[in-house]
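What follows is chain A paired twice: with chain B in the first complex and chain C in the second.
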Partner chain A sequence: MDFQKVRNEVGNYVFILPAVVLFFIFSLYPFFKVFQLSVTDWNGINPQMNYVGLANFKDLLTDNPVFWLSMRNALNITVLALTLQNLLALFLAFLCDRDIRGGNIYRVIFYLPPVLSGIVVGLIWNWIYDGNYGLLNHFLEFIGLGDLTRAWLADANTALLAVAVIHMWKGFGWGFVILLAGLQSIPRELYEAARVDGANSWVVFKKITCPLMIPVFILVSILTILGTMQIFDIIISTTGGGPGYHTEVPITRILQTMIGASKFGYACAMGVVFGFVLLAISMVQIRVSKMMRQV
Partner chain B sequence: MMADSTDINYEKLKKRTTSFFIHVFLILVSLSCLFPLWWAFASSLKTQQTVFKDLSFFPQTPHWENYYLAWTKADFGRYFLNSLFYTVAVVVGVLFIASMAAYAFSRLKFKGRNILFLICISTMMIPIPGSFIALYVLLNKLHLIDTRLGYILPQINGGLPLGIFLLKTFFDDLPKELEDSARIDGCGRFRVYWHIALPLARPALAVLAIFVILAVWNEYLLAMLVLSDKGLMPLQRGLMVFQGAHITQYPLLMAGIVITVLPVLVIYLMLQKHIIKGITAGAVKG
Partner chain C sequence: MNNTFKKIFIKSFVLLFFLAGCVGQSGRNAETVTIWHWMSDRDDAFNELAKRYTEETGVNVKFDLYAPSEIYSQRVKGAIQTNTLPDIFGVLGENQDFASFIQSGYVADLTEALNAPMDGATWKEAFFEKALAVNEFKEGNPHGVKPGIYGLPLDVSTIRMIYNKNLYAKAGLDPNAPPKTWEEFMEHSRILKAKGLPGFVSGFGEIWMLDALASNWAMNLMGPEKVFATYEGKVPYTDRDWIKIFALFKEMADEGVLVDGTVTMVNKAAEQTFANERATYAFNGSWCVNVYKGMNPDLDYAAFLPPLISKARPMKIWGGAGSSFVIHEASPRKEAAIAFLKWLTSDAQQVYLAESTLNLPANKNAVKEISPILSQFAGNMDHVVHPNVYPVHEKPEVREAFDKGIQSILIGEKTPEELAAEVQKVKGKALKR
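Our next item is the complex of A and B:
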């Protein structure tokens, strides 16, 4: 009887075995390995590696301006995405929340860029921004602003902004779809009741829409931050981090340190630091959101 | 009486004007979404000589043979088949493994069930940039660098957390009676899962499959790290290799882009309702 029971339970484990095995090999092991390698000077090839303590971290924090520049670049893109991209998304969501003809068609079109890969999007925009044959320059000449023409992605003054525009173009549809779903989940009766009480649009927005949308706003901003800080495909397929270090971002730096400079241990330390930065950002966001909900 | 009717007309007019400007704005944004894609398509039909000068939205003599050249000479045919193979392999792997685990987490009893479930979906919450370095080291140790398996297995693992989470939620909401009666009739638990639970889960499996398909088709980082043999590369990687080698062959590059985008476009347009429902469901509930 007992034997039967044990056999039964073991049989149940078989169902989760493949998932657990894959998880241990491809998720858990790399997760801990990163921490382990981050305190070594391993070059990725030699069988031998030396324990160097926190030397990698010390160097990273005090003597690696390019890494912190890459962090700042990603942060700049993130700030733009948080403000411009999400405001555009919110505005469009408001427009489509009304009973508008063809609302669904707009939704399908706006969500098109998000389903494309960063590589494809980057390669197409490469050409739009091109200095000699680019569409943007043709357009500027056409409307009489020929003075502004330049190689947008190769110019140190515009490269980061140009990349940020690509990223926002790819991303706003995603925010739009989520924000629209949030708006549509607000019961219409609330609006009608407020109208009957004589509230104008602004008051309705401030007193009804905003409070109810706060959880959605928070979700969208956390995901925007995490997604944008880890931007990579679009950089690789457009500037590759250049000109100079003007569009370097953390992930391209980690890859460069790992593959380009063969400093695996150091690259792992970068990954750990970057991971903690991301964690800290989302913690702060969650804290702030809790405070806002109480107010 | 008169005043009333003009008031109504005024209201109507105001509404119509607002609606008109809203549509103008929405159409402009829509065009900005569609135009780059159309431009890539139009350019793929021009020649190396005309592509920089001919600014028409559709070339007078479209060079469809560019697609033949891209498919054969530029290797996009091979990349396409590779992408197809990887996508199918990862989707089958994720659907099978995730549904089995989700079924167990929802229906079967064993020690440590809840904690194991939380562990399995934990990677959805924790961002670990840089774990790809250790993954690369691991694949190297296992001699999986530059193999198809080395590209497929980590991606199956990558799809599991979402898959297990999604399917467990689905099974939890599913009435048990059918399965219970099958068990009484003497069906083993695997047959109950395979013949009864899985067919019922078809809608959830379809949603999961769509997301896995899009993720695998668009994947680049792992392909860059794991695959350096051109014969094994998927489309995204192939595009970058082609761009690196023939930077000026724009029409062929654009044809490659269209070849890459077309399957995604077809799947998206066919299944957009499910895709948008899928991404919003989690967001609005959570």
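Our next item is the complex of A and C:
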């Protein structure tokens, strides 16, 4: 056995050892710990935890309508974010991709909302949506639509939409930056060649931009889904999940179960199920995207 | 840098990196009593008192603030797992959580220290009985905790109705005569509305406030025995008295008594609304005196008991220890921690805390110098109850369905009867477990 060779091989692994150890401690261990806790009735305080088998999962899947309602709420916000938010991001990315005056300023402005704290954004929008003295109601009255004024976050018909608008306002900047980077990576020669061949803007978009942007669209949509389904801070700082359960989302349910009801085991089961739902959605989306690429 | 030095440096760095995370209690200054709290409004006062204590005794005391309270609760629960609880901390949450802390051996029994003679009396005698009761587990308590007193109150809170005297006068109502009964409350509210003046606000987005108001009215209408019988499952929520309680909220919603947006408003926003005279009534705790002073020092308001639903029984309100500290059972500085808490809850320090934070002191002797508005919050202490001292407690999932359901009534989505049936369904499921 060549000792020097073994030493070199081991030496190589030593370099990645700290990263592997950190990955095990901070990623893998918590991941498996959640699975372990999800089959217990642990209350988060007492060192003793009893094994309850799949009882938490059974209850969650068959007798917890509020959790599934919260999932539906998150899905509704996600659908809005996937469409309206990303269309806005794409539109603005197109505009900024051209040589317009002050383009860099627009880029900074569009990127500002995502870097703000969700809690701060929620508090600002609380002020905009306020039923009595809110900016939105003031504006509606100003343009003669006073009949539409309401407490936007406290109205069952508008609360979820109002929260979704905040989320989209805060989130479109991420999509904008990624889509703009994607647009700028498309070789200009392709556009020039298409123009020489007489292609109009729509044909250029359909035949060049869209196909080349598919990997970027996939990335943006996956990030949108994962980010939106896990929406939390905006809900906490605006509606707290109310009125009733109209703006409850999975993370607020998990937190309420964990902290409010001291059911850590059950909350972990909720986390596991939620994780699988996210995984399933992402896999479906990747499959659909692959099919689109083949078309 | 030669190779040997490089190797020693890298190895030391790696070793220190991994050991740093393993530093537990042994890593702390052995002479310093550490206290964790969540009370950002009292942090300056606590630090000033810590400084004074060190000057007087030579013992270092360090207050660590973790706010808001949700973050604090997570911090404490995390510290349990890593065995890094401080010498003194507070337990937030339900009574059953407090019981779990005690049964798991994280909280010291202070009964002996409280009953020990001190300056001709006992330490226990300095406190309001109601404030101490929140931290006491009696014989036969539902959690099976060994009887004893496990925490020390720092201040007393009561939750009451408040009204704006200025807006009352504007409406042509007597600014010194708040409503005593539900009928009067609704009548006054109609007058306010007719004059274009705002109505009632509270932080109903924080559902425990709905719980507090609803349970005040329930205790008044049906008495504690029937309320507790409901918690035990002997009386259903579909009972007509419970439906009547739910109907009160419907009446408020139907008559437009509530300020728009109240149903999802957090208490801080509700306090801002009342302080800016955008509401005539509020339902809030005695801590609001400090909050309103900061927001609008000229606000002219007074406190009163929630309007009576039934004259057959007195109005019971939530109150007792506003915030309490416990001592870590395994703390190596347990005696020093007890000595500090004795000092912190003694007359002089309690007067300082009451003056600087405008909270009601837990020490009876410190109440003499408080402001008139605080005196109103301190009145009728005989009528004060606290969920922690109830002989039986409602399940969290039932309470959530109850409170969220009231939100649904307030937005006109459910009727009192529908809510009663829904809560009873959740109750039935909870009883089967």
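In this section, the second predicted complex is superposed on the first by the 269 of 295 C-alpha atoms of A that agree within 3 Å, B and C clash if a C-alpha of one lies under 4 Å from a C-alpha of the other, contacts with A are read in each partner's own complex, and residues count from 1 in each chain.
Note that contacts are C-beta pairs under 8 Å (C-beta built on N, C-alpha and C of every residue); 3 or more make two chains touch, one makes a residue touch a chain.
As the structure is a computational prediction, the values presented were derived from the model and not from experiment.
Peer 1: Which term applies to chain B and chain C once both are placed on chain A by superposition, clash or fit?
Peer 2: Chain B and chain C clash in the superposed model.
Peer 1: By the touch definition at the top of the document, which applies to A:Asp63: first (chain B), second (chain C), both, or neither?
Peer 2: second
Peer 1: A:Ile109 in the overlay: touching chain B, chain C, both, or neither? Say first, second, both or neither.
Peer 2: In the superposed model, A:Ile109 contacts chain B only, not chain C.
Peer 1: Which of the two partners, first being chain B and second being chain C, lies in contact with A:Gly44: first, second, both, or neither?
Peer 2: both
Peer 1: What is the contact status of A:Ile16 with respect to chain B (first) and chain C (second): first, second, both, or neither?
Peer 2: first
Peer 1: Report for A:Gly131: first if it touches chain B alone, second if chain C alone, otherwise both or neither.
Peer 2: The second partner, chain C, only.
Peer 1: Counting touched residues of chain A, say whether chain B or chain C comes out ahead.
Peer 2: If we count touched residues of chain A for both partners, the winner is B.
Peer 1: Taking the superposition as given, does A:Pro250 touch the first partner, chain B, the second, chain C, both, or neither?
Peer 2: Touch status of A:Pro250: first partner only.
Peer 1: Which holds for A:Gly175: it touches chain B only (first), chain C only (second), both, or neither?
Peer 2: After superposition on chain A, A:Gly175 lies in contact with neither partner.
Peer 1: Is A:Ser185 contacted by the first partner chain B, the second partner chain C, both or neither?
Peer 2: In the superposition, A:Ser185 touches chain B alone.
Peer 1: Can you check which stretch of chain B gets into chain C in the overlay, out of 27-35, 63-71, 225-233 or 261-269?
Peer 2: 225-233
Peer 1: Show which residues of chain A both chain B and chain C reach, each in its own complex.
Peer 2: In chain A, residues 18, 44, 132-133, 259 are touched by chain B and also by chain C.
Peer 1: Spell out the part of chain A that touches chain C in their complex, as residue ranges.
Peer 2: 18, 43-47, 63, 126, 130-133, 150-151, 153-156, 159, 238-240, 242-245, 256, 259-262
Peer 1: Which bits of chain B are touching chain A when the two form their complex?
Peer 2: Touch list, chain B to chain A: 19, 22-23, 25-26, 29-30, 32-34, 36-37, 39-40, 43, 51-52, 55, 97-98, 100-101, 103-105, 108-111, 116, 119-120, 123, 126-138, 153-154, 156-158, 160, 164, 189, 193, 214, 217-221, 224-225, 236, 239-240, 243, 250, 253, 257, 260-261, 264-265, 268-269, 272, 275-276, 279-280, 283-284, 286.
Peer 1: For chain C, which residues count as touching chain A in their complex?
Peer 2: Checking each residue of chain C against chain A gives 14, 70, 73-74, 77, 80, 93-94, 96-97, 100-101, 103-104, 106, 198, 205-207, 259-266, 269, 273, 278, 396-397, 400, 404-405, 407-408, 410-411, 413-414, 429.
Peer 1: Within the complex, which stretch of chain A touches chain B?
Peer 2: 9, 11-13, 15-16, 18-20, 22-23, 25-27, 29-31, 33-34, 37, 44, 88, 92, 95-96, 98, 100-102, 106-113, 115-121, 123-125, 127-128, 132-133, 135, 138, 169, 173-174, 177-178, 180-182, 185, 216, 219-220, 226, 230, 232-233, 236-237, 250-251, 254, 258-259, 264, 267-268, 270-272, 274-275, 278-279
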